[in-house]
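The following blocks contain the structures, represented as structure tokens.
Paired with chain B in one complex and with chain C in the other, chain A is shared by the two complexes that follow.
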Partner chain A sequence: MSARTITAATANATIASIRARSLALTRRPAHWTRCATLFTCRSPLEPPTGKLYEGHIPISPLQRSILAVGSAFTALANPLRGDMVAALGETTGGMFLARIRDQMLLDPEGRRILRERPKITSESMQLDALRQLPDGTFGREYVRFLDDQQVSPDTREPVHFVDSEELAYVMQRYRETHDFYHTLTGLPVTVDGEIALKWFEMLQTGLPMTMLSSFFGPLRLTSEERSRLHEYYIPWALEYGSSSKLLMNVRWEEWMDRPVEEVQRELGVQPCPQV
Partner chain B sequence: MTAGTLSHLAAAVRTKASTASAARAAFRASSPFISAQRATSTVRFSSSSQSGSAGNDASNSLNGTPEQYDVVIVGGGIAGSALACALASGRASGTQKIALIEAFDLSGHMQWSPKPDQYSNRVSSLTPRSVLFLKQIGVWSELDLSRVAPCEGMQVWDGVSGARITFDGADAKKDSTRSSFLRQVFSGASSTPASSAEFFDDQQQQPDFSKEQESSPLAYMTENLHVQYGLQKQILAHKARGIQLDIFERTKVQDISSNTSSGQESDASVDISDWPVIQLDNGRKLQTRLLVGADGVNSPVRTFAKIESLGWDYSQFGLVATLQIDPSTSTAPDQGKGIAWQRFLPTGPIAMLPLNNGFASLVWSTTPKIAQDLKKLPAKEFCALVNAAFNASPAELEYLCKNIGPDGQPLVDFQSEIEWRASVQDAEKGGINRGREDYKAPKVVDVQENTRAPFPLRMRNSNSYVEDRVVLVGDAAHTVHPLAGQGLNQGLADVECLARVIEQGLLSGSDIGNIHSLTPYSSERFFPNLAMLGTVDKLSKLYNTDFGPVVWARSLGLTAVDNMGPIKTEIMRFAMGLEEPTSSRRV
Partner chain C sequence: MASRTALLRLSRRTLSSSMAPSRTAPFSTSTKVWHQQAPKSTSDNNNNTNAGKEVETHFGFQNVPENMKEHLVKQVFANVASKYDIMNDVMSGGVHRLWKDHFIRTLAPTPGTKLLDVAGGTGDIAMRFLDYCKETHGDNSAQVTVFDINPNMLEVGKERFTKTPYHNTSQVSFMEGNAENLEHIPDNSMDAYTIAFGIRNCTHVDRVLKEAYRVLKPGGRFMCLEFSKVENPVISKVYDVFSFDVIPTMGQIVANDRDSYQYLVESIRKFPPQKEFAKMIKDAGFTVMGQGYEDLTFGVAAIHSGFKL
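Showing the complex of A and B:
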């Protein structure tokens, strides 16, 4: 079931019941409505926008809350539900996405990314060409990672619920560049590796979805993984997450032929200690 | 009145030992009732006098012995000059011997001959209350009203969240008959704004602002130079009709002391040993019954009186400039005529105040560095940046401000960067279903040459406004952030009050330099000024952040107030000077 149908179903059911209840209130006095407008500029039952971009699903504030709570529970129960993790990030991230966008606006590279809106697909990245690069270059290690994991840049969930065309792009970019982070940090795609990366991202971006995962994720670890996380990964994330350059301002596409160490040096990130 | 005193006075008149007391004598003679009252205080003073001598005229003209005055005003800014005018136009205070001392030029203001297509960069919003006072002292009628721009409405919004509040002068009038909420809260009384007209000879037209129906400006945008021009003309007129008003311009106060070694005696009846002595840089000395500090934020008079002044410097400068705008680009009704625009940015508020003929006055409060950079930026980029400051996101502005080179040269293409962000913003706005579209400020097309100037912004409050023989008015007493355009208005309200208190003091025969005669002034002005300072300071702090929860809360509050008609009306009337929490007027 896609995120879209889930939302529509849950939200519509709830909305129906709320409408039924609010019928009783339709005869409220005029000043009541006036008071209400003080605090909510628009109805919580109507989407604040029309369709803004390809794939955009405009949802009302109420649907948004339901989706956020629903996806949080689903994602916690089953972290493999990528669509739910994605929906959680989108529904809760508005303010934080705007913050990241502002950080990008302050940086010449970030501005260039926002202006040109590059997309990362297997086509745009020319994966075959990257496979020809010498070992140790960023591009070569990046495809090696993709091949090992048997993933492709095209398998990312598109953005649906962000009510701003530009912020939807920021979210999209954030998702599309995630794989580069693994290459940069050397963190494995294990549960504790992902959690370490979430800590790193949290310090970089302040996205609430990454916070949730970094706090609640460890509940599902073995004691061995947990001690690795606490002794090595988190201290590493704390050190480099805040001191390194904001990775959202990196035009990764242009760094493919450079040695990984050089990229790490330039961005101020030391690879995570491997145990 | 004792025969002895009378004869002394007569002697004084003959010898002109003290023109001040001569004038007082003349005044007393014209009003027997007052002279009787006056006598008691004269006697009280003569009891402490040491020896009666009426012969210090000679020593006066020699050296060392100070000339005597009833009132010496230090500082010929608008507050000081307005006080001189107000005193000169009072029935009793007009008989006093008054001196006005100003470090810079004053008579030069008389030659002020502005061109219709040029405006000075220092413009103040005068509230209806200030205008009423200027009318009462005969200054308003000296002004060229085609250069005074009524401000009919205000658009104030939060640059981070976009929350907006709009004020419309007409709304403030609608409810003027209703008893005021603020007044009830602050003072529990319902009185009309005090009119001091009764104290003044120049009873010109006395417009009752609360009765004017059609036009009801919130404020009147007036060049400070223009007000000064009116003041100096009026001062000259008072001098011409024989008021003893001595102007010491291009003269600095060098020193003020409380005691002189010799010549404490004036016309024998009054002990003047506690009268302050003012040493001027032209070698002259003045001694005065009452010393008024209208000498601005760093007031030497305040220092002399050892009055402590607390406060802080905002690490902000206010950059002023005269702008040329294209009114047709505003989406507000009537091309935004008469609308003042103010947007709060995390670095400080930016305000565009309406002038006539397609001009506007800018006050942009920002960091000292940005203010300096803005001053050096080429005109084209400067205008683009001002437009962006009213429209673009704070992050965008920060980026542009960071890209001003050391010599003021733009390091990126401002035009193209701003256009790109505007197009993104427009695209986003297109999709949003908003109830009403916010009005847009007019586009700035040019900046008048040599009008960009930064001023440091401060907040100061004197612990008291009066000491024995010393009183403070205007910026000397209190300095406020310009975001609400109240500094000068507060100063004029001080002056109106002080002139009234002095007049009343004279009429009741008290020594106007005595701290007890001055207390009504301080108790009437201290609290309202402090309330204004506090409010403006809180506002400035509240808006000087982009911290999420604070932005959220302040936006909620602003939207709420914008929807609450009555409270909004109160705020407007408060800011227009139509309401003021007072303590003394209750009686």
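Showing the complex of A and C:
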């Protein structure tokens, strides 16, 4: 029937039936049971989910807060405790990981990464093939960096404390691509270089762990390193961290045979000042 | 709760991987150097499926074949040995020192006592015993044999004793072995037998008690300090939250080992409560006075005692 023939009666009947159906669906509880919802919030002593992925350790909110505080102090006191740095990132990541995931969803490359979920391991990266690339290419410099530091993509601590499989992947990807950031920006793996990179990551991702490292990490530096940080690295990070493309969206595996300068130009990142 | 994968992680971990060599990258999430990765082994799975017919016992809240428990417990204590004393202080807020002091005062050793301190590991009880004899009686003839199944714990104990005046004297000796089979210790040779926070890790508690009875002289005293059941429901709830939420997290922060501390708190819940354990002591032949036990800190720990008469 055409719109003109809808009478007021049939319209009202339609609206009433829709309202009845929606009321039935929502089943608005009586007043006293609505008060009960005040007490059904998440218990701080129970883990909110079961085991969701390989390596997942579900922890209760109480454990999470203890671990966050304890790992913050331990990581600051002993920056070589990689597991504590990892735990700090995971326990404080929370909604910021969701924000990164949403930003990835806005970009076609990011969507592809989330769909295909590539893992960066020494097999998937084919390190031996990368070693054969000419000097100056991104892949060759990356492998040189790995060999100098005696690390490989397999030595990263897996994600344990993120309560969502997709966000755990985002966290894992963020960690795995950290080595690429070093190659891209040319920052050294010293304490001040790492802090400069954390400033850069803070402007890119907003993760609380990067904020904590950026503001409290410099406490561990000598005053000479700190002044170098303030004078050169931080202004550089402020400029390029916010203006460059979100590096979480980059499919690094496909940029391996391009020269480093080209990669830097495409992504809008200048190499860090050499001091 | 310790999962099956956590169990496999525990059994595969070796001492060398827990002592991390130098990595130079600060604030990095790399936890191993590349040549250190644990090999992926499927042999653990095969062993577990073949062991279906064997007798099972508890390992924390998990069930494992009996012959595997000893190995797993050995692994736990190899992992925790270097940080054992710090973790004891963290987990009990230092109260374990008060418990152990009270334990030795209850034993009240006389001059010349020969003590066998089983699961003595890092030497807390042995040291307090010798100090008590020296301070209370001015006695230097008391002797203690520190006995433990785990060589790493004994190493830590030996290291601690080098800083005391008892180092290189005949007052302290160290022996490695299994508490269920004290074959090198002759019958009726010890005045006192203590086991502090060790008996719950033994696979066969009744065999440990029988061996204790054998090696003690007539008139000798068996004393056991162990975690026990808290009867008070309010304190029990707080204790449960502390045990299952705080302790494994502190284990992870201090020692990077959540699984070992998860096992330790679960094994406490699996141990028989005070009255039942007192009955087991009586069944082994000991004579108990009164109830046979004394609660400490509302039952968080308990001292059980029996005499060989």
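What we mean here is this: the second predicted complex is superposed on the first by the 236 of 275 C-alpha atoms of A that agree within 3 Å, B and C clash if a C-alpha of one lies under 4 Å from a C-alpha of the other, contacts with A are read in each partner's own complex, and residues count from 1 in each chain.
The definition used in the following text is that a contact is a pair of C-beta atoms (placed from the backbone, for glycine too) under 8 Å apart; a residue touches a chain by one contact, two chains touch by 3 or more.
Source: prediction; values computed, not measured.
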{"item": "Room on chain A for both chain B and chain C (clash or fit)", "value": "fit"}
{"item": "Contacts of A:166 with chain B and chain C, given as first, second, both or neither", "value": "first"}
{"item": "Touched partner set for A:49, first chain B, second chain C, both or neither", "value": "first"}
{"item": "Touched partner set for A:71, first chain B, second chain C, both or neither", "value": "second"}
{"item": "Partner chain in contact with A:156 - chain B first, chain C second, else both or neither", "value": "second"}
{"item": "Touched partner set for A:121, first chain B, second chain C, both or neither", "value": "neither"}
{"item": "First, second, both or neither for A:270, with chain B first and chain C second", "value": "neither"}
{"item": "Partner chain(s) touched by A:105 [first = chain B, second = chain C, both, neither]", "value": "first"}
{"item": "Residue contacts on chain A - larger count, chain B or chain C", "value": "C"}
{"item": "CA minimum distance (chain B, chain C), superposed complexes, angstrom", "value": "17"}
{"item": "Overlap of the chain B and chain C footprints on chain A, listed as residue numbers", "value": "51"}
{"item": "Chain B residues within the chain A interface of the complex", "value": "393-396, 398-399, 402, 417, 420-421, 424, 427-428, 431-435, 548, 556, 559-560, 563-564"}
{"item": "Sites on chain A touched by chain C in the complex", "value": "45, 51, 57, 59-60, 62-63, 66-67, 70-71, 74-75, 79-87, 89, 149-152, 154-157, 175, 178, 189-191, 194-195, 198, 213, 217"}
{"item": "Complex contacts: residues of chain C adjacent to chain A", "value": "3, 20, 23-34, 37, 241, 245-246, 248-250, 252-253, 256, 258"}
{"item": "Contact footprint of chain B on chain A as seen in their complex", "value": "34, 37-39, 41-42, 46-52, 95, 101-103, 105-106, 111, 115, 163-166"}
